[in-house]
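By letter and in written order, the chains are A, B, C, D and E; residue numbering begins at 1 in each of them.
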């Protein structure tokens, strides 16, 4: 693992000292061994803080949105999911490609900070190697089709309506409306989220199961054709709601209905729900 | 409200109808004095592409027992491409609603032209019968 | 000294259920919280603490304040919804017990008592169980709290292995001990007190913070924060709320619900001005409220060291690390 | 909260029969925002409308709900009533109690419950209605007609006669299009030049028409009422002001090249008029073949020119102008049969020609002076075979549609051969004869009587045997193969959109159909309009058609343009989308779904959260183009773009009202 | 290049000289032809006029054997067999349940994966023209030849997928490479009457007459074909045509591989030139100095 870490520090040091970027976003150690939160390094003497271990779980791309109009360029360490997140942000017009120096890292999967096993999102990862980068660290690997990642969805689909209804009602009863799933998601880059627009009345502020479900369903539909399957929403949810099952259900349907489409793999192909085809499946005749 | 007590529960079905085709199709049912159950309430929208899937979630949350989205046949849209987007959006939304436990009969999307009065009447009548069989919709209901 | 054998625990609780709504630590679907005795889930007495704090028994997530009627453009009837029931939080930990005291300061002192909180607080009894082991994230000792127990609880129990030592610390606590008379036995076992592995030096911190308002450390710490509400909604002492109307046409209800100072629209004013425009101001505000403002106003820290925010913060913002950094920065300001 | 007045109509007994209108009115009084409610026998009648106006004044109402028939019937009527009553017409909602309640239900009690719900929905929406005013857009009283064939000329003349300015743009050096190439026109057999050249002259002399021949449209911006168009006129190398059209230069020019106008049957000089009666009747120089321009030799034409009009340094000129309306009249071309039809020899046999080449030969001003000759040896053909549907009705390898005019012009050609060559034998291989116009079938019958032999069947092969062409086919009525020895074979080739018409459609901003013909807004109800407001269609560019239909369509398009240009301002539909820059994140998803390209991303000067000046991208809706379909409002996740009159909160209120 | 080789009944009997010539050409060009073991008749016209399933099963069996032996490409010299095999492959690819049915009938699985090529395509398309030119030792200079394709090699277009149905050029290019002069005549793809010449002689013979007449009108010294039945009709029946129409046609007809063999230096005896009805000796003598005689 530390071969990558040494390379990361070397590259970050160069970029900062040459002034190519005025900050680098990577990961650093937290207080405990299983914590490697994002790190923001602004001067080359501090690159020693950068680390690469099995707990670098948080996505780095969405931090580009914190101050979208800052002048300087950002050096961004990007694993497979971060690269797709960058494509996502570029395609949504929130970030300009020329403002980022992408340092791709061929990721081999991270560990869950509680179970210490391979994190769920990494088991299901199809594009471990970054799809867009300026320079690359590690051995590139071809994308892996992992159809079994839809297994949980397929099982749930077979269940009776009542059972599915109870399952999701119970899950969303746990929701504490902390909006961590929305704030970590690279596909959620609205300037003002529908959940915050109380005057329009999309969503009540009350914390109870019905409003939680409306928020969960609406957010799932909003990112249906743009979710890059980075799995962060499910990871950061403090009460463990299986949000990726909702997203995977939509992704599976969209791929079956409108042909193979992987969000964020390139920044040209428009998301399927924003286009149409004359010979789309006809179910409403 | 008499309708709301569970004993003599009468289903309430919401229908979003596009102004140029299905709304005028619904009018034509009236002109021909054809009959269908009283449970349907029609909301007029300029085009089926105006119907936001969030309206459907909202209807079920407030207590709708069934929802219908009706638009022009693909190719006939007054705004040329509106219903192509409607088709994609509700192919996906229909499956999501089923996935969270709303019975498939409760949400229907249909292409109904301005001349297809019979098709509108039959669609609505069948929808109401299915919903009566299924019973009241509890799924996303607000805690009262 | 009274001993309640673990075997009699269920019976003891059953006796309270008649008069009180007993809340016990329960675990289901991966979430531990204080739920009504007998509801769905597994008891979690031996867990160190619940994920969700007990505060929602006193300060509910969503609470209807009053209902109103409207007739031809005027409000005709307003009925206040303020019925509280007798509750017992059974198995509260000393840190959460201290958090209730913090909430008492906010809602009941300084010249205004919140009636909704007050009516619930009057009818609340607390049975505190001391901690026998601490989590790596616990640092209540550093916050001046004794993991073994808390004087503010009505009854203080300590786990002795086969049973619990029971000490009544208030009149109503004594009444409960009376009810358990036949279940109690006598014994002299020593209480084994847990101690926190995570230490942080709190003294002088409020004063240090007063000098660091403009310091750049707030940008540093807040860069990785994603502005979600996890820390505030898991924190036992956070007490911010928002109010809105649920309009039902001719009638409706006014309710209050939890809000988080970390949200981007929390302090946005009409016209779009926001005194705390970015997350660095917001994070600074939360830490200063926890560690400085509250102690300046009420003389005690608003952080009780329960460690919940350390566990669940998606990006591991750590209040203890911050305190260490504050000490370092204050040294040479 | 609004002060709403609810008016329940009995519609005689149509509603009152199955809905207790008084009960609905009484219930309506309890709805939020409703301060006045009444029921009346005929709301849409004169007294009904007066009743509303009176109520507005007395009760100080600021929103009206009328529960009567379908809004598709009387929405406009009641909007006018509000306007007369001093209220903004868009503070108004209708509940459809007739077509969608009383007429479709029988149980009065349930129908009344439903009626109350429908009124409650309307009132809930009315509560959130806002005052909308339609803005206006300037209309430049000038029309642009692209293509100066018979369609373009007729449209230009009709618009100009109505007193409007017209700019007529034509790509070729002369106007007139295909019609002057023809000899006779069916069914009256009057000479084509005699009825088209006068129109060309009329166009050239019309005070309101500015003719730009030898020019192409290169760029079109803007929208209905103000299209900004850039036109590029190619270099003519002849100053048409000085030139008198004497034609001396044409006779002197040494280098001859095949004349495109004669489809390769005739020659022309490098300084040339496509044909004698060309308009403008002045030559242009062919830059590709003129020796002077290519390798700086010769220069004879400049020497002989009496007025010194020749200028070898001439350059192309750019014009930019603003127009209120555009008429597309780009016409058709013939299908390149040589690429596909191996059975007819892939174009190897010179005596296999197209209908247009036949026209050029029989045309008196044509290359053969009206004499029918075999291109191979110039002999007069004694046996002529016509083959119809070459490329048309051939979905397998060419075009699936019928090109409409070939049955008639083939009958005409057969008639002309029998006229010009008394002892000639004429055979026509056909599938069907489609002669549906006025006096068309009679014309076909006459041709049969003249002795044309119609053989029902397709030709399977043509090959050369000596100087003759052997045409092998089948007579499906006799069920026998047939072989004809022919001197000349004329193919009735399919019509296709003119070359470059697809790119031009993209430039102007509308879509051609799958075959490349311009897509009309509605095949039956709006045949001369395109979905893009302000762009109209005339003639064969919209689909194959003959001259009578073309002229009729040109007149229709002109009428539409005159309707548009008669107003100095265009009232825009106020119920259009509007984007809120405060919420818009500039993601651009809405831009792609708008069928009218009415949304574009613009740069907005703004301040970031610390007050620093920044520029950020937001969506901006052009109210002239937006037709109010609302597709963008659903694509916009944050609801920044909303449709006025059908806003998100209005529809949510309507939905919520049902379950309050 | 290695091909499964399906000779078919004609090349085993009446068209034997075509088979020999094919093998000589293959040997020279280094193409390995492996005859499909235990092949059966493809059914030709008689099968598909009697039973549709049989007409598909017969060729399917041959192709299944070829597939079983791992051949990705099958060379089919006879035009009729080529058409039948192509039709079978297309039908099976189009419908999975037909594939199951046929596999049951022939007792083997037939996956319709292998590529079916006429021998003309094998030589004319798959082996490069310059590779062929290297082996031409005796170019047939001055020999004006009418390349005759017939119908089954080029029609129906979507099944044969080989050349332009109206004006094919594969054989013309081959003839050019071996030094001959292909003529641009009109009857390249007109039908030779095939088996109809027997039951409906006046029609069949007329068709053959027209072909010969058109070839003669362009001064063809010989006609080249790539189908044993066309060869038979054009070569064997010239005497009957002359008798019937009073014409004097004596145009030798060759299989295109016979001409190629000659250009590669083989002598007439090496392949059955003597078996031709219209004697070709006089022509060859004139052309290549009598070496072949």
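Methods note: a residue touches a chain if its C-beta (ideal position, glycine included) is under 8 Å from a C-beta of that chain, and two chains touch if they have at least 3 such contacts.
None of the values given here were measured: they were computed from a predicted structure.
Student: Work out which chains are contact partners of both chain C and chain E.
Tutor: D
Student: Chains shared as neighbours by chain B and chain D?
Tutor: Touching chain B as well as chain D, we find A.
Student: Can you tell me which chain lies farthest from chain D, using the average of the Cα atoms as each chain's centre?
Tutor: Taking each chain's C-alpha mean as its centre, the farthest from chain D is C.
Student: Where the centre means the average of the CA atoms, what chain is farthest from chain A?
Tutor: Of all the other chains, the one whose centre lies farthest from chain A is E.
Student: Applying the document's contact definition, name the chain pair with more C-beta pairs in contact, A-D or A-B.
Tutor: Greater number of contacting C-beta pairs: A-B.
Student: CA centre of chain B versus CA centre of chain E: separation in Å?
Tutor: 66
Student: So, what's the distance in Å between the C-alpha centres of chain E and chain D?
Tutor: Averaging C-alpha atoms per chain gives centres 54 Å apart.
Student: Nearest whole angstrom, what separates the Cα centre of chain A from the Cα centre of chain C?
Tutor: 32
Student: Residues of chain A touching 2+ other chains?
Tutor: Expected reply: 67, 192, 194, 202, 208, 273.
Student: Quick check on chain B: which residues sit in contact with 2+ other chains?
Tutor: Within chain B, the residues that touch at least two other chains are 53, 58, 81, 85, 89.
Student: At which residue positions does chain C touch at least two other chains?
Tutor: Within chain C, the residues that touch at least two other chains are 278.
Student: I'd like to see which chains touch which, written out pair by pair.
Tutor: After working through each pair, the chains in contact turn out to be A-B, A-C, A-D, B-D, C-D, D-E.
Student: Help me check something: in the complex, which residues belonging to chain A touch chain B?
Tutor: Residue positions touching the partner: 153, 156-157, 161-169, 194, 202, 208-210, 213-214, 217-218, 220-221, 224-225, 246, 249-250, 253-254, 257-258, 272-273, 276-278, 280-285.
Student: Taking the touch rule as given, give the residues of chain B at its contact with chain D in the complex, in rising order.
Tutor: Contacts found on chain B: 2-3, 10, 12, 14, 19, 23-24, 26-31, 33-36, 38, 41-47, 49-53, 55, 58-59, 62-64, 78-82, 85, 89, 121.
Student: Mind listing the chain C positions that touch chain A in their complex?
Tutor: 29-31, 51-52, 61-62, 136, 198, 220, 223-224, 226-230, 232-234, 242, 244, 246, 255, 257-260, 263-265, 278-279, 310, 312, 314-318, 320-321
Student: Which stretch or stretches of chain D touch chain C in the complex?
Tutor: 1, 29-32, 35, 124, 582, 609-610, 657, 660
Student: Spell out the part of chain A that touches chain C in their complex, as residue ranges.
Tutor: The contact residues of chain A facing chain C are 30-32, 35, 37-40, 58, 62-63, 66-67, 170-171, 174, 176-180, 182-184, 192, 196, 198, 204-208, 232, 235-236, 238-240.
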